[in-house]
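Quick heads-up: structures coming right below.
First chain A sits with chain B, and in the next complex the same chain sits with chain C.
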Partner chain A sequence: MSAADTVGALRARFPKDVIRSHVVCGQDVVYVSNDKAHEILRWLQEDPAQQFNYLTDITCVEHRDAERELEVVYQLRSLNRKVDLRVKIGLNPDGPLVVRSVIDLWAGADWLEREAWDMFGVKFKGHPDLRRILMWEGYAEGFPLRKSFPLRGHWSRSEQTRQALEANPEAYYSLEELSIAEAYHELPLDVRERLAKAGKVLP
Partner chain B sequence: MGLSPLPIDRNTTHESISPNWVTTRLDFLANWGRANSLWPMPFGTACCAIEFMATAAARFDIARFGMERMSFSPRQADVLICAGRLPFKLAPVIRRIWDQMPQPKWAISMGACASSGGIFDNYAMVQGIDTIIPVDVYVPGCPPRPEGLLYGIMLLQKKIMGETMADPSLRVEQLVGPDGLFRRPEHIDEISEPFGNSVHQTRSA
Partner chain C sequence: MTPRTIEMELSTPTLDARGQVRNVPLGVSRRPSESVNDDFGAEHMLVNIGPQHPATHGVLRLVVELEGEAVKRVIPHIGYLHSGFEKLGEYRFYNQIIPLTDRTDYLSPMANNVAFALAAEALMGIEITERCRLLRVIACEMSRIISHLVWAGTTGIDLGAFTPFLWMFEQRERIYNLQEAWTGARLTTSVSRIGGMMADVPDGWEAGLQEFVRTFPLTLREVDTMFTRNAIWCGRTQGVGVMSAEDAINYSLSGPMLRASGVAYDVRKDRPYLGYDEFDFDVPVGEHGDIYDRYRVRLEEMHQSVRILDQALAKLKPGPINVADPRISLPPKSRSMSDMEAMIFHFKQVMEGISPPVGEVYFGVENPKGELGYYLVSDGTAKPARWRIRPPSFLNLAALPKLCDGALLSDVIAINASVDIVMGEIDR
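Here is the complex of A and B:
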């Protein structure tokens, strides 16, 4: 069973929500509605005939034509079936850019969704920790990969330099970020004692 | 973040020393020692760091210049070698490293990206690390060959041999000022202006 069969099965299962589909360079691409996207992705992952158990990438595409939609792209792969499928959600570039997070389906979506948020400003509803990942915390210039963002940024170089020098990396990228709390019981005893003494972790 | 600037008393301290036979001999001795035992702080962020590693390895052998002792702690370093492009995200980091290095200290900007932003004339990249820290020697190239870096190192040694303790300005910390910048903003804007081919880059909006 190939990706084309998957597209057929998708159309049969969700007739109203599969908007269109086509093949690009041998890759099946399905456009689905934003409302049902999470349900469709869940079905693709869980259905025994589909088994798309690997999320290769989440990214976005904004076209130069202003009337075209901004697309959120999910690149899926079934490791058992050796089949790829690309699922796209079209959004209005001017409207609210909100889709549902798929972190409950593929845990690996965590950083991919953070990157899409960082670069395009697409909000992933339900993501537990949606913040910037490539640009630094507190970066206020906008979302760099949007077409409305000038290549050299909105601000003058001196202002960018000032903002960059003002940033305090240690306030955001500290040991706390590594979620010591979760790994607490795997840490060596002396580290645990030190952390407990510093009041960093409640044992 | 950083050190507090030391007030320089213009009337009493170094400026009262005028160059004479003793100070110039002492200068020679101190500079000879400094120039031939520079401990580099390698700040490698990109492909220039690969060339830097080649420079440090056996074939080009940076030990011939007394620089084989890489100082991965800025506290023991003499010369900061920024090998590679510097994104704005790393600007406060290299500034902190520079502030942590004790005097006397020097900086080499290795490669086109560290010196001018190179091909990365975009929103994320510092357009020359001299907008963040003072630089002594610029090594052009993309990346520079080890010979190029060695030539830059020899230029730095030459520069050090020309220093004198009669000049008090050499050891003044150039800190980030109250306006949050280390240079005047109009200077940063001017040296960050697009040049060469990047003048023709399309700007959206």
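Here is the complex of A and C:
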């Protein structure tokens, strides 16, 4: 069974939510609706005829043409069947960029989703620890891989230097880590409550 | 005054009053009233390792939460080497991106160059020549050997073995000399071009590689003698950092990390490129998923790379290395200085670049660290609309907190070494 059969099976099972599909450079690409994407991905992983058990990559694509959708791309592979499939969700680049996290399906999605958030500003609903990964926490210039982000950044070099020099070294610890350290007791009350709610504080 | 004598037993009594063997616990004895917390406090300790630390293999920073010596939580921080390569790629011609790939996984630059050229060629539908194909196979396998040599050497140092490191770096130096003779550079090779190679190998180069292929397995055997049955090595690596096959797949591990857990996924076999299906080589697979198995897998992979190099050298015949299409390959410099047409093609390629058709491709290759994937999206212009690197060690490192589950602090160093990370690729 090839990837084309998988696309056919997807169309049969989710007729309304498979928006379109095509083959490019010999690779199958399926566009699915944002609402049902998680269900479709779960089906692709769990269905015994599909077995897409390996998440190769999650990334985003924004096109130079501002009219085109911003795409969230899932590159899947079935290790048993030796088949690849690319699943895409189209989002309005000006609208809210929110999709559901697939971390409950593949643990490997953790850092990939954090990177997509860091670079494109796509929020992954349900991710337990969605914070910046390549840029530092508190980076305020925006999302570097968006097309609206200039190559040299939004701010001037002198402004960037000034901000770097003024940065608080304690900020290099995440809130989660501060909760472990003695600094926990100096955290604002609402942060402490938030951490306690997430079960991240020691008894 | 009579001298006093003190009678004392000189040997430790091994039997107690009832004739049972006495077990003397090693370590500090405590009075029952004492609690561990009296010394260390009830709070967990937070230890910061890196980013400037020799055992983190680059600018990786780990924040470790400790209870005594036991690791409760590991929080990795990355991004200290972030250079924005993916963003830069959107402002470069395809051939201009190749120097950027050198600097991602800088321990196997030639393999990255080749992978990028393959991805761009898949996007453009270019068939490379036979000699180019074999030279690329040679480049990839040489990279695999030097990368694994660095891995085994530095991991040995992390676990206290210094001598094998020197042997391995001596061998690595021999490949670096070959790389230098071929490309003029030791680290930033930029050896590939879209549709061919930067240059053919110089005269007599094959003989040098042949000599390496002949003598290198001797070093591997020495390393095998030093490590494989070494009590310290086994004690530090066996059963440490274990990952089951199911978890390894779920965490998207790849390369030796995945295969050590018993999953036989090798891109060269599963999705053959560069005609790897016609080479005779085996894919070593571990069964325990611990550090020791990762070591065994990498050691065996070097043996297999030697086999592939041997076969590729036997197949290598003289011939062109670049495709004959003047829109893709630069004409020889002498021709572009004397021939009008050649000069026009030279000018157009340098000034305008090569424009692939509208489309996109994901191209995965088996790099030393795991599956390296380049995802290129073209909108028909000479610069990619999106260039995504799927870095193998990024995903392998993401599993570090899981691997360190229940480990001791000293194991964290060993586990981190076993992942085989290179920060240039993780941070990009």
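One rule holds for everything that comes next: the second predicted complex is superposed on the first by the 165 of 203 C-alpha atoms of A that agree within 3 Å, B and C clash if a C-alpha of one lies under 4 Å from a C-alpha of the other, contacts with A are read in each partner's own complex, and residues count from 1 in each chain.
Definition applied: a residue touches a chain if its C-beta (ideal position, glycine included) is under 8 Å from a C-beta of that chain, and two chains touch if they have at least 3 such contacts.
Just so it is clear, the structure is predicted and the values come from calculations on it, not from any experiment.
J.: For A:166, select first, second, both or neither according to whether it touches chain B, chain C, the two together, or no partner.
T.: It touches chain B, and chain C stays clear.
J.: According to the stated criteria, A:16 is in contact with first (chain B), second (chain C), both, or neither; which is it?
T.: A:16 contacts neither chain B nor chain C.
J.: Between chain B and chain C, which makes contact with more of the residues in chain A?
T.: C
J.: A:135 contacts which: chain B (first), chain C (second), both, neither?
T.: both
J.: For A:65, decide between first (touching chain B), second (touching chain C), both and neither.
T.: In the superposition, A:65 contacts chain C only.
J.: Once chain A of both complexes is superposed, is A:158 in touch with chain B (first), chain C (second), both, or neither?
T.: It touches chain B, and chain C stays clear.
J.: In the overlay, answer first, second, both or neither for which of chain B and chain C A:148 touches.
T.: first
J.: Once the two structures are fitted together, what part of chain A is touched by chain B and by chain C alike?
T.: Touching chain B and chain C on chain A: residues 135-136, 144, 149, 151.
J.: Spell out the residues on chain A that touch chain B in their complex, using ranges where they run on.
T.: It comes out as residues 135-136, 141, 144, 147-153, 156-169.
J.: Within their complex, state which residues of chain B touch chain A.
T.: Within the complex, chain B contacts chain A at residues 1, 88-89, 91-93, 95, 121-124, 126-127, 131-132, 176, 179-182, 185-186, 188-189, 192, 194, 201-205.
J.: Mind pulling up the chain C residues that touch chain A in the complex?
T.: 43-44, 46, 63, 65, 73, 75, 77-79, 82, 84, 86-88, 91, 122-123, 125, 247, 249-253, 263, 265, 270-271, 359-362, 364, 371, 373, 375, 377, 379, 381, 385-386, 388, 390, 394-395, 398-399, 402, 427-428
J.: If we count contacts the way the header does, which residues on chain A are in touch with chain C in the complex?
T.: Residues of chain A touching chain C: 24-25, 27, 29, 53-57, 59, 61-65, 73, 75, 79, 82, 84, 86, 106-112, 119, 132-136, 144-145, 149, 151, 172-174, 176-177, 180-182, 202.
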